[in-house]
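Chain IDs A, B, C and D follow the sequence of writing; residue 1 opens each chain.
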């Protein structure tokens, strides 16, 4: 369970659709924004997540997630999401997210993480992560 | 373009996730709620929309939609959505939605409609609607 | 940190909007569905969450959440969400959710939990939970 | 009802959360993406939509919307959304959106429009648009 060094930053501005009647970002939307940061990082690494969406024999579903919301996030807030991937054996990886304010230096608004397991679509049993993902986890 | 009589009612309570920082239902979520009413009506008629999601040779995508928002809709509001299907030839149908307040008799909060076209997934050309949908449009 | 007995069940049918191109419920939407179950339980107990949305001097934001996704959940699946509230001192409570299949007896699809802290809106410091919520946590 | 010339472009990459089990962007999400383009354009013009979210005496709700979906939009597709504002008297404006593929030159994937009316929050009657919005509509 080795901590990897690749850290990529995804910039995001909070939209009206992200907020709720409490005037802040709805909690589950923060996890969605984290997932967007993951998708952005994969795309930057030349990995097409679309390949694993239903046509492939393997899938990489999220098996668990968690988040801590430290400060309220409002409409129009500019965020920087940092994603740190961490390999967990041959079949699983974890992503740690840090959601910082772009407007106030160093202010952490939330932290989160998601665990992803590679499975054979038919048997739904674990299988080895594809090479492209493995290389990304290893920081290339 | 014959107006059909089958009218089914879908009850819905506005959730926090439906609202935005303006304290009302986010406009696009109202269209999502209308689509839920359509799905509910299909399920009640014994039609499994899931069959047309990617495994089938045909799909029935929405080709257009429109909505008018007459009154603000708030968190916790109880809605009744009425769906009126209308056949448009062999390959298309339109759904008209009326979103009423369940709390204030007869108060129309919004109206909307969506148009759905049956297509062959490979060629993406129009094809005849499946019999199950056709029977539903004809009021069974 | 006393385990409370009140268990309420919220029934939910998976909508098209809940799913993604991997053909299963998008992970963050499962947390949204859990929150809907919480809202349903509050409403059943006669508590209007709307009162705490911006007009009140207090708010009850979610400070953390976590979920484990045990089995894929598909379009049209009928779910039963069970919510168990647990009091954590005077200012905080935790909700534990069990998402079961209504179609296959006893099949647990996911588990989740959310922690909620009562705060003074202006100072953003912790304050005691309102009596209505406290009574709900104590099983009325 | 004068056609204005200001055209701004908003770039967007389709996320997993935008798609549904039919493997394409869920129709209502396309309208949400259009609204994001509107928010981006306002922010670029130095207008803070956040000011009109509940604290102000006026609000600018969407009173109607419509969209035509011309081609399927998939996970990872890169879009350019063009927004053309059009003034409709002193109290209303319309936004016309053109959603183009960034990957295939000139390919229009969808078109949409939304109508926005300025209202007094208390009386909910129409009032004149704020100067900042008016200047934006006039192309500055």
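Criterion: a residue touches a chain if its C-beta (ideal position, glycine included) is under 8 Å from a C-beta of that chain, and two chains touch if they have at least 3 such contacts.
Because the structure is predicted, anything quoted here is derived from the model rather than measured.
Student: In terms of CA centroid distance, which chain is the most far removed from subunit C?
Tutor: For subunit C, the chain whose C-alpha mean is farthest off is D.
Student: With contacts defined as at the top, give the pair, A-C or C-D, that has more of them.
Tutor: Of A-C and C-D, more C-beta pairs in contact link A-C.
Student: Using mean CA coordinates as chain centres, what's the subunit C-subunit D distance in Å?
Tutor: Distance between chain centres, rounded to whole Å: 33 Å.
Student: Between subunit B and subunit C, what is the gap in Å from one C-alpha centre to the other?
Tutor: Between these chains, centre-to-centre, one finds 28 Å.
Student: For subunit A and subunit C, what's the span in angstrom between their mean Cα positions?
Tutor: Averaging C-alpha atoms per chain gives centres 23 Å apart.
Student: Got the subunit A residues that touch at least 2 other chains?
Tutor: 16-17, 19-24, 26, 28, 32, 35, 50, 53-54, 74-75
Student: Going by the contact rule set out above, which residues of subunit A touch subunit D in the complex?
Tutor: 13, 15-17, 19, 23, 32, 35-36, 39-40, 43, 48-50, 53-54, 74-76
Student: Inside the complex, what are the residues of subunit D that reach subunit C?
Tutor: Of all residues in subunit D, those touching subunit C are 16-17, 19-24, 26, 28, 54, 74-75.
Student: Of all residues in subunit D, which touch subunit B in the complex?
Tutor: Going by the criterion above, the answer is residues 20-24, 26-29, 31-32, 35, 50, 52-54, 59, 61-69, 72, 114, 124.
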